[in-house]
Amino acid sequence: MTATPAPMTILMLAIFAAMVGVASTYPPEARFMPFIVGIPAIGLCLLQLAIDLYRRRVPTGGDGDDALKEAEDRVARISGRRLQFDMPSENTMFTETAHDARETMRRETIVWGYFLGLVAGILLFGFHVTVPIFLIAFLRFQAKASWRSALIYGGLGAIVMYLLFEKVLRVVLHGGFVTDFALGRFGG
Amino acid sequence: MTRTATCMSLAGGLAATAIAMPALAQNGADYFKGKTVTYIVATSAGGGYDLYGRLVAEYMQRYLPGSTFVVRNLPGARHLVGANTIFASRADGLTIGTFNTGLIYNQLVGLPGIKFDLAKMSWIGKATTEPRAIVMAQQSPIKTFADLQATKQPVNFATSGIGSANYVETTMLTSALKLPAKVLTGYNGNTDQLAMRRGEVGGTIGSRSSFEQFVQNGYGRFIAQIGGKDPNVPQLRDLVKDPAALSLIALVQSQGDIARLTAGPPGIPPAVLDALREAYRNALDDKELQEKAAKLERPVEPGYGDEVLKAVITALNQPPETIALLTQALKKK
Amino acid sequence: MIETMFGSLYAMLMSPHMMGLMLLAVAIGLVVGVTPGIGGRLSIALAIPFVFGMEMIPGAVFLLTMHAVNGTSGQISSIMFGVPGDGDDAATTIDGYPMAKKGEAGRALGASVTASGIGGIVGAVVFAIMIPVLEPVVMAFSPAEFFLLALLGITFIAFLAGREQIFKGLIVGLFGMMLATVGTDPNTGTPRFAGDFLFLWDGVSLITAVLALFAIPEMIALAVKGGSISSVSRETASYSYRQLFEGVMEVPRHWWLALRTSVIGAVVGMIPGLGSSAAAWFCYGHAVQTSKTPERFGKGAVEGVIAPETGSNAREGGALLPTLFFGIPASSGMAVLMGAFLILGIQPGPTMITERLDLVWTLIWALVVGNLIAVTFLLFIMRWVALLTFVNGAMLVPFIVVMAVTGSYVSEGQWQNLVVLVVLSVVGYGLLRFNWPRAPFVIGIVLGKIAEESLHKALELWGLSFFTRPLSLVLIGLIVATIGYAVYRNIKPRTAGAQRAVTP
C-alpha cells in the first residue's frame, strides 16, 4: 500500500498558508494574484485533507470495496459531488517494489544524502572537483560497480564535462566557494 | 615526499608568489599571460549587451597576448545581479564586465537591490553612444513634439518593467516635460513595437538604434531626439525652456553617451587597470571589430578610461531638485 | 511564385555547400540540445562569431536549421530518463517516461521523433500559407486575448487532473501558479517572496522548476527502487527496431490529432508574447481534452507524446513569421536569430515579401529539409539509445543527476538556483511518492505568469471593459465551454467496467 497521502496534503497546505501570509504584507495590487491563487488552494487542501482522513478510517486495497463505496457516499453527500476513491497507481515504483516500508526509507535517506551531498559539494568545491567524486562514489557504492568501472566511467564523465564546458562551450561553471578562496590565496 | 619537505616547498612557493606578485603587476600586459579574464555580461546570451560584450572580449584578448577571455552571462533583476557581482569581485583585474548605464538612475534614486557604487568602479571604457528618441506610432495623429505637448487626450507610452531604466527615463521625462502621457509598463523586448503597430500604444521613449528599423519600415516616426547626429530630427533640448527639464535632458544625454560600458570592481591596481584600458582602446580601434560591429548595425563610438569615469561622476552629481523630480516621478505610479 | 518556391528548394538540394552546412547544423543542434539548460539562445550566440564570415543564404540556413533542431533532441532525455530539456519537453515527459518504464522506450522515441518531424514540416507549411493573412492575425491578439488564452490553458488543468484526483491536480496547478508569482510584481514592482534575494526577482527559473519536479524525483525514485528504468525486462519487450517502427507508425495512426496540434503549435508560435512553452502544453491539453479515454494520459499514452512534440516543433515555423516580416521576434530565441540575420545582411521587414521572397522560401525549405534530416538521423540511432532503459538504473542515475544539476545551473548562471532546485525537488519527490499528479504544475507556472502580466496590461489599456472586445468574447465562450465540459465529464456516471478495464 502506498503511504497515506495526508502528509503531502499537509505540506501543501503549509506552503500555501505561508505564502498567502507573506503576501498579505504586500501592497494591494501586488498581493492580488497570490491571494486569488492561494486562498482557493488552501480551501482545496482542506477538502483534500478531509478526504484523506476519511480514507484512513476506511481500509483500502483488496478488501473494503463496500467500505470504499460507503466513504464515497459520505463525501458525495457532503460535497455534493461524486469522487472516485480508487486511484489506479500511476506509479508502479512503490507498489511493486520488493522492499518494505522500512527498507525504502533507508534507501531513500541514502540516495537523498548523495543528492544533497552533490549540491553541497558543488556549492563549496565547484563542479569540476565534486562531479568526479560523486560519480565515482555513487557508481561504486550504490551501483555496486567494481572500482575499475567506477573510476573509468566516472572519470570519463568528469573529463567530458570539463572539456565540453571549459574548452568547447566556454561556459563558466561555479567554482565553489572553498575552491575559489583557496585558489585565490595560493594560486593565480 | 616527506611531510617536512611538502611543508617547506609549500612555504617556499607561497613566499615566492608573495614576492613575485608586485613585480608582475608592474609589467602590465605581461600580467595577463596565461590568465583567464572573466567578462561578465549582465544579460542572458544573445541580446545587445551580449553581442557587444563578446566582441569586446574577443578583441581585448588579442591585445593581451597569452590571456583567455571567457564571457559569463549573469542575467537577473535588470542588470543588478551582474553589476553587483562585478562590483564585489576580486580586484585583480581578472573580472570585468558590462551592464546597463541606466543603473545610474537606480543609484541616484536609491532604488532597492543596489550593492554597488558606480563612482568607485574601475572604468575601462564605453563602446558606443546610444542617443534616445521619442518615437510615435505611424497611425498616431501626433506628428511633432508640439503636437504632443498640445494634445488633449493622454497618449499611451510603453515601457518595460517597473523599475527598469527605460521606465525611469520615460516617467522622468514625461513628468518633467509635463506631457499628457499615460505610462504603461510590462512591454519587454520588442513587444512595445508590436503594441505600437496594433495601436494600443501611441509612443515610446527609447534608444534610437532599437527603433531605426521600425521607423525605416514605415511603422513609426521620430519626433524628437536626445543626443545623436541626425539633422532631420529636432533635439529635445531645443524644444524645451524649463531649466529643471533641461538638466534632466542633459542627464539622459550623458547617459546615452556612455552606452555599452566596460568596468571592473573598485581598487584594481593602476598598472593592471592601465593594461586593460590600453587593450580596450586597441580593441575598439581595431578595423576588424569596427567592421563586424557595423554589420551588426551596432556601430562603435568608443570612449576610454578616465573620460568615462568623469562622465559617470558628473551624472551622479545631480542637483537636489533633479533628484526630487526623479523620486517624485517614480512615486506617482 | 511557383518557380520561386521550387526554385529555392532545387538550389538548396543541389548545392553540396548548403547541404553540408545543413548536416553540420543538424549535428550541432542535436548535440547541444541534448543537455538541459543549454541550447536555444546560447547556441546561436556562440555560433555568431562564425556567422560573420558566411554569405547570406547559407548563413541563414545554417542558423535556422540549428535553432529548429535544438528542441528536437531534448525529447530523448525526456522520454528515456524523465529529464526534460526545457518547459515544453516536460509535456513529453509526462507520458513519454511512463512509456519507457513499461519497456516501450523505442516506441515512444519513434513516435516522438516522427511527430517532431511532421510538426516542423506542417509548421513550415502553415507559415507559407499564412504569409498573406499574417498581419491581421497577429494584430488581433492583444494582452486581453493573451490573458484569456492563458486562462483557457489553465482550465486544462482540470482535465489533466483527471477524475480521481481532481483536487490534488488543482492544488498542484495552483502551486505552479503561486510559484509564478515569485518575483517582481508587474503592477507595483514589489519583489514578491524574494526580498533581498536578487536571483529570485525575475521569478523561479522554469528549467530549474521543471527539473526539480520531474527529473530529480524520478532519478531518486529509480535509485531507491533499484532495477532499470524499464520495469519490463528486455526479453519481454519487443525487438527494438520493430518497436521503433511501431512508434513511427503511431503518428499516421493519429494523423488527425497530429495535424491539429501542429496547426495549434504554429499559430501559437506566430503570436509574439505567449512564451515558448505554451505551445507544447496547449497541444497536450488539447489531446487530453479531445480523447475518448483521457485516463490513459500520464501513464503512457502515445498521444501524450505526439501532441506536444508536433506542437513545439511547429511553433518554430510559426515564430519565423513576425520575426521576418515585422522585425519583431516572436520569442527570445528568435530575437537572437534576428540579430544574427542582421549580420548576414538580412533586413527583416515588409520588404521581405516583395524583394526577397526567394530567401523566405529557402528558409521555409530549410525548416522542412532540416527536420527531415534530423528525424532520419535520430531514428537511425534510436535503436541503441533506447537500450539504455534496460541498463541497471543505478549506473545511469548519477550521470543524469549531474546533467540535471548542471543544466539548472547553466540556465541561470547563479549558484542560488541550485538551492531552489533542492528545495523544489523535495516537493517534487513528495508529489511523486504520494501519487500526486505533477503535470498541472508546469501549466500553472508557465501560464500563471503570462496570465498575470497580460491581465495587468489589459487593465492598464482598457480597464475592466477589455472583456467586451470581440475576440475576447469568443475566448470567454471557449473557456466557459471547456469548464462546462470538464464538469460534465466528471459528473457523468461512471460506466461499471470502464475504470478497471483501462489498459494503457
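Note that the chains are named A, B and C in the order they appear, and that numbering of residues resets to 1 at the start of each chain.
In this section, contacts are C-beta pairs under 8 Å (C-beta built on N, C-alpha and C of every residue); 3 or more make two chains touch, one makes a residue touch a chain.
These numbers were taken from a predicted model, which means no experiment stands behind them.
Asks: Comparing chain centres built from Cα atoms against the global Cα centre, which chain wins on proximity?
Replies: C
Asks: Which chains, taken as a pair, are joined by the highest number of C-beta contacts?
Replies: Max contact pairs: A-C.
Asks: Return the distance between the CA-based centres of chain A and chain B, expressed in whole Å.
Replies: So the centroids are 41 Å from each other.
Asks: When the C-alpha atoms of chain A and chain C are each averaged to a single point, how far apart are the two points in Å?
Replies: For chain A versus chain C, the centre distance works out to 23 Å.
Asks: Report the inter-centroid distance (CA atoms only) between chain B and chain C in whole Å.
Replies: 34
Asks: Pull out every residue in chain A that's touching 2 or more other chains.
Replies: In chain A, the residues touching two or more other chains are 170-172.
Asks: Would you mind listing the residues of chain B that make contact with two or more other chains?
Replies: In chain B, the residues touching two or more other chains are 72.
Asks: For chain C, which residues are shared contacts with two or more other chains?
Replies: Residue numbers touching two or more other chains: 42, 46, 187-188, 413.
Asks: Give every residue of chain B touching chain C within the complex, in rising order.
Replies: 44-47, 50-51, 54, 58, 72-78, 80-81, 84, 112-113, 156, 161-163, 184-187, 189-191, 193-195, 197-198, 200, 213-214, 216-218, 292, 295-297, 333
Asks: Show which residues of chain A lie in contact with chain C when the two form their complex.
Replies: Its residues touching chain C are 2-3, 5, 7-8, 11-12, 15-16, 19, 22-23, 26-27, 29-30, 32-34, 37-38, 40-41, 44-45, 47-48, 51, 81-94, 96-98, 104, 107-108, 111-112, 114-116, 118-119, 122-123, 127, 131, 134-135, 138-139, 142-145, 153-154, 157, 161, 165, 169-174.
Asks: Going by the contact rule set out above, which residues of chain C touch chain A in the complex?
Replies: By the definition above, chain C touches chain A via 38, 42, 46, 98, 101, 163-168, 170-171, 174-175, 177-178, 181, 185, 187-188, 190, 192-193, 216, 220-226, 231, 295, 298-299, 392, 394-395, 397-399, 401-402, 405-406, 409-410, 413, 415, 418-419, 421-422, 425, 427, 430-437, 448, 452, 490-491, 494, 499, 502.
Asks: Give the list of chain B residues in touch with chain A in this complex.
Replies: Touch residues, chain B against chain A: 13-14, 17, 35, 38, 70-72, 90.
Asks: Please output the residues of chain A touching chain B within their complex, sorted ascending.
Replies: Of all residues in chain A, those touching chain B are 170-172, 184, 186, 188.
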